[in-house]
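One chain, subunit A, links the two complexes that follow: it is found with subunit B in the first and with subunit C in the second.
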Partner chain A sequence: MTDKSVNTPISLASVRQILKKRAFSTPTDSVLTFVVFGALAWLAWSLFDWAILRAVWSAENVAQCGKETSAGACWAVIDARHRLILFGLYPFDQHWRSTLAAVAIVATVVLSCIPLMWTAKRIITLWILGFTTYYLLMEGSLLGLQQVTTDGWGGLSLTLFLFSSVVLLGMPIGLGLALMRRSEMPFVRGFAVILIDFVRSLPLLVTLFTAAVVIPIILPSWLEGDKIWRVIVAFALFFACYQAEVFRGGFQAIPKGQFEAGAALGLTYWQTLGRIVLPQVFRHALPSTINMVVITFKETALVIIIGFFDIMASAKAAFGTGEWAPHYLEVYVFVAFIYWAFIFSLGQYGEYLKGRMAISER
Partner chain B sequence: MIKKMTLSGVAAAALSLLPAIAMAESPTVQQIKERGTLLCSGHNGSYFGFVEVNDKNEWKGLDIDLCRALTTAILGDPDANQIVPLSWAQRFPALQSGDVDLIIKATGWTMGRDTELGLQFSLPYFFGGTQFMAHGELGITEAKDLDGGTICVEAGTTIERIAANYLSTIGVEHTMVSYESAAELRAAYVANRCDAFAGWGPNLAVLRATEIDNPDAHVILSDQLSSEPISAAMRQGDEEFVDVVNWMLAAMLIAEEEGITSANVEEMAANPPNPRVARLLGSEPGMGERLGLRDTWAREMIAAVGNFAEVYDRNLGAESPYNLDRGLNNLWSHGGVLYAPILD
Partner chain C sequence: MSKADELRLKAKRRKILIQTGLIGLSIVVIFGAVVTARTNLQSLGLTSGFGFLARSTGWDYSFSLVPKTIMDPYSQTLFVGFLNTLFVGFIAIFLTTLFGFIIGTARDASNIAIKTAATVYVQIFRNIPLILQLVFLYSVLINMPGPRQAMSIADTVFLSNRGLMLPGLSVTPGVAVALLLVSLAFGVFLIWRKSDLLRGLLTWGIGSILMCVIAAIAVRPEGASLVSVPELKGLRFRGGITIPIELLGMIVAITLYGSAYIAEVVRGGLAQVPKGLTEAGQALGLTKGAIWSRIKMPMALRSIIPPLGNQWIFMMKATTIGVAIGFSDLFYIVSISITQSGQTLELIAILAGAFLLVNGGLAIFTNWLNARMKLKAH
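Showing the complex of A and B:
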């Protein structure tokens, strides 16, 4: 059984054969198969029954929730509260702006993932455009719309904004720190080593709490800036320090001979780096980088502790009233689905990149 | 002659200073007026009955209504406030750093907060105590019966300490299990992982009423472990602001006592039934000047938000899903412990 069999079209007969061989070869196997698949089928059925068959869908029918359909999901809570979950405290009649802003951010991230955009000029233009669009739409006053200050931002748009600014800001800083850590100048290297180790030995929660709560007490008010920027910078620094270590792993996989060969060819440091070393570093660091990015997406939920109304906070607010308190499970399922959709896409993109890079390995 | 003139001049100057001292405006209030907004504390999510978000993404709740009342008293517009979402851990640093002007966030008045944290507290506007809720099928009515049982609590709260303290005082052997969030705690209790759980009285009643399908399946034990005064918290050093907040609360209580509601306040102000009402509603001048506010602040406030009973009923009482009895939180004349200072 080599690669060949994978590509042959599967016929019904072969399926039967495989099943017989793998699942029903002995009586014990058969029993096990039945038990396991029975349990799985039962689980799937219960889930389907709960989520679809017995569910109450519309907010108008909320009275039926938990009544004759004793075990069904009450999606009425999503129907009534989805705007709170998706937009947080953003003014109700301005939600279209929050929607457009979220679309702008997703588009920016998606476009940044396309190889066509991977030149310095294009990617920087794209990021500036994307984030300016987001800011103009969300804040509004510069477009002549109703002004919404950053503490009115919330929900999915805020989560996406935090995530993308942290990753897009943190990635170059991380690369810079990794390069500094490899530097031959002791001062530069020492600075990077101390910074990376210092930040990595602090929990993210402490970093965020310091940025949001402690800094305003220490700094004079004109230096403070808005809470959201302080938090993004702190979070990005945190991300960068971890990402620098990921890049360092990538650098270490590259034999020293390649630098020497570059130098022997008369290439400058930056040419060697840009044309020979970095492309390989990225390839080696890719799996861990995707990991970091996915973790960061989930960690944005931590900002709830410093009073940001991200999607988790607004989900909690959504079931945090007397009417909807019994239906927290449905709200969590809804939010989990949103997280899953984004993180699964990120993972799939990682797979695509891996495949793309593998071509150059052949 | 010259000397005399100087003396009388000094006297006149001193006299003219006196009313200025009496009306010395609180720096916080001054700041609020300059800014045009009052910065109140919200919640990073919601806290049943006290701070919630409605279907229109707007804040509501008992604490929010008190913030709106204070906004009306100071600025004359119930909506001229900004509710800053804060976590529990963040509320005191946020107050100190000026992110909010005061904390109205179901916050208990404790000695540590009053002294070490450098805060000062208003009159209590709510009393809530720690109680136990147990599964009805256990057939128990008081904490003594919990011997050998498992008690769940929310980690890191005063409730955890109070419950442990109380149970060891009455000599009840128990296992304490703490959970990070109220939702986890609830789920653990409903899943029968603990015999009883300790919580803040209003929360227990709220849960019994809304969370759990059959209210009779759960019993709130008779033991009242504590009764915590819930107050607004302010930064130390601005006594005049404390005065404003205290009289804001007092005015709501006096209004309830006198039967002034948001519906009849204008009528009452036009024909005050007694001098106290006349003074409160600014029909007779003097009320505003002493606090550095407008004479009609209380009238506007009650018109916008209502008296204390209205606010309570709307958010926790009969008109809310919680239907929480007023109990201790009634006026002194109705068997509660809430009372206003004397309006002279």
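Showing the complex of A and C:
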């Protein structure tokens, strides 16, 4: 049934048939279709009218904002403050570095979506390369540029930094925890189970807050590190504990016979794991992993609460001054759109992969 | 000793070595942390222990279900925070489950328009961080006109920068909480009895409303009207129920976001019901409602409940973002207490303990629900 409908070319007759079945099958159905589509169209038009038709676009025309003639969006605030939103307090004349660094991270994420990169070596090299590029550009001193410490990083660049370092650090820890959880040794297994369940039942905010506030008390000062690194490690631990469960799901899909086959061939534990089991585990766990990555990107927005100048905080600062205060709506819409575009595309890609894998397994 | 035995012994020794190492390392880390914490706290001049719980706080906060003063001890203030977290959490769980099932069913609808509307909703609200939605919404609410220019529906419901004013039954807060608990127990009883899905929901809804009305008639204060409607008196509203904007923002933001997630869970569950079952229902001449409540949903629930339970736990954890808008949930109270009293370790332990307790309880409830919903015949 489904196979047939996939291959049938779309003709006018089939469209009419679908419409008849799915939009106008009964009188109530027809009324519903008109009312709901009408409401959606009205919403879309109002949004378009506000955001495009009646909007004020440039900072020079800011005087027109809020006047009767242009009751639309005041994008002038974005025109005037986008640098603050995107780069935070990073030195103004060095913004090109922040831009390139952000592009490096986005490029890393986009490239990891291409199946060509899906070998252990390539994907690890890619992420380490992307992350190093980011760090060298942002920090600057190793490239002979003006040094900017992590305190000076902000805006979208900081959000991307948190995101990429959490994924890069959390992925191997997650794999390690998943392996520990499968271990035959009761204490190793118990350790992993307790850690995973404990971290998973705490809100992320509590974990991050603990890293920011409690760790300085219980660690000697030479081990303390910067606040940003403490928070990244805690965030990575959170990611790892969830990702460990994703990997566990992947492991469960592998028949036990494969381990036995590996052992029968005389392969060691690590050889069996690396050459036979893990490639399949990654494949099975891929859609859930992407889901986890998407969630992580969303959750980075929480760091504003523990005092980081991420894109949420810089957005707040952008309308914090008196003259722009009335235009908080436009700033939030702008930031929400950035998040939405990133998360929506990654999510759609995950759905596409899921569909593709479902087909290959049929 | 044969070669095999030798290898086996070697492997056993290695396992013991690894485990001893892990335990030893854990002990060293914990011991080191305790020692360092003690010296660090001593140098800061802080005494550890839970003695501070009896001291009064001396600071105020936004929302409480019970009367509060700034003279309340820490223990009571923390308990208020815990109640607020539970309050928002359970309201959010109830509303997200309700809307999530409606929207998830709409995602599965045969009508193209309804399906499109539900998809647009899910794709917008699921793909923007919850905290951004909350702060956004709160900014909008705080910039609403004041009580005098409040927006109103038929002069009974008002929305202003002071909050949402609703008409309500004239009952005391204590009675309201009692009613809520009885209604909850009634719901659990219906699940326990395994009543039919749609009929059970109807019984529960009508039963709860009837019970509230009867209670309101029976125990309302002397001379008060049955329903109290908010009225503008001078600069503020009197009567009715006032939902302050912090609480309103929390409930609406978590509900919008969580409903989109639960809708996806519900859609996934409905998609797993074999098409033949629906067609069999149609062949029998069942109505759409009957097919949904007697065939699709009972089948789908088996795969919906485990991820639904995870969403409930997520919702409970999500209440911590109240700190972003100054809603006094447990996390907010704990973080203020830490800056005020300096008892960081004790307060974090209380916070973690509270969440372990609540989320553990939710997990147990989900497991129970899952066992109840399982089809016996399989």
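Keep this in mind: the second predicted complex is superposed on the first by the 314 of 362 C-alpha atoms of A that agree within 3 Å, B and C clash if a C-alpha of one lies under 4 Å from a C-alpha of the other, contacts with A are read in each partner's own complex, and residues count from 1 in each chain.
As a convention for this text, a contact is a pair of C-beta atoms (placed from the backbone, for glycine too) under 8 Å apart; a residue touches a chain by one contact, two chains touch by 3 or more.
Please read these numbers as outputs of a predicted model, since none were measured by experiment.
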Counting only touches as set out at the top, which of subunit B and subunit C does A:Tyr328 meet: first, second, both, neither? both
Between subunit B and subunit C, whom does A:Gly88 touch in the aligned arrangement: first, second, both, or neither? first
Output check: A:Leu202 vs subunit B and subunit C. Expected answer is one of first, second, both, neither. What do you get? second
After the superposition on A, what does A:Phe191 contact: first (subunit B), second (subunit C), both or neither? second
Between subunit B (first) and subunit C (second), which, if any, makes contact with A:Phe309: first, second, both or neither? first
I'd like to know which partner A:Ala336 touches here: subunit B for first, subunit C for second, both or neither. second
Partner chain in contact with A:Ile217 - subunit B first, subunit C second, else both or neither: both
Is subunit A touched at more residues by subunit B or by subunit C? C
Could you tell me if A:Phe37 is touching subunit B, subunit C, both of them or neither one (first, second, both, neither)? second
Between subunit B (first) and subunit C (second), which does A:Ala317 come into contact with in this model arrangement: first, second, both, or neither? first
So which positions on subunit A get touched by both subunit B and subunit C? 209, 213-214, 216-217, 304-305, 316, 328
If we count contacts the way the header does, which residues on subunit A are in touch with subunit C in the complex? 1, 19, 21-23, 25, 29, 32-37, 39-40, 184-188, 191, 198, 201-206, 209-210, 213-214, 216-220, 298-299, 301-302, 304-305, 312, 316, 328-329, 332, 335-336, 339-340, 343-344, 347
Which residues of subunit C touch subunit A in their complex? 15, 18-19, 22-23, 26, 32-34, 36-37, 40-41, 110-114, 116-117, 120, 123-124, 126-133, 135-136, 139-140, 143, 275, 313, 317-318, 320-321, 323-324, 331, 335, 338, 344-345, 348, 351-352, 355-356, 359-360, 363
Parts of subunit A lying in touch with subunit B, wherever the complex brings them together: 66, 80-81, 83-84, 87-92, 151, 209, 212-214, 216-217, 221, 227, 304-309, 313-314, 316-318, 320-323, 325-326, 328
Which of the residues in subunit B end up touching subunit A in this complex? 42-49, 52-59, 82, 84-87, 89-90, 93-94, 96-99, 183, 206-207, 209-211, 213, 320-322
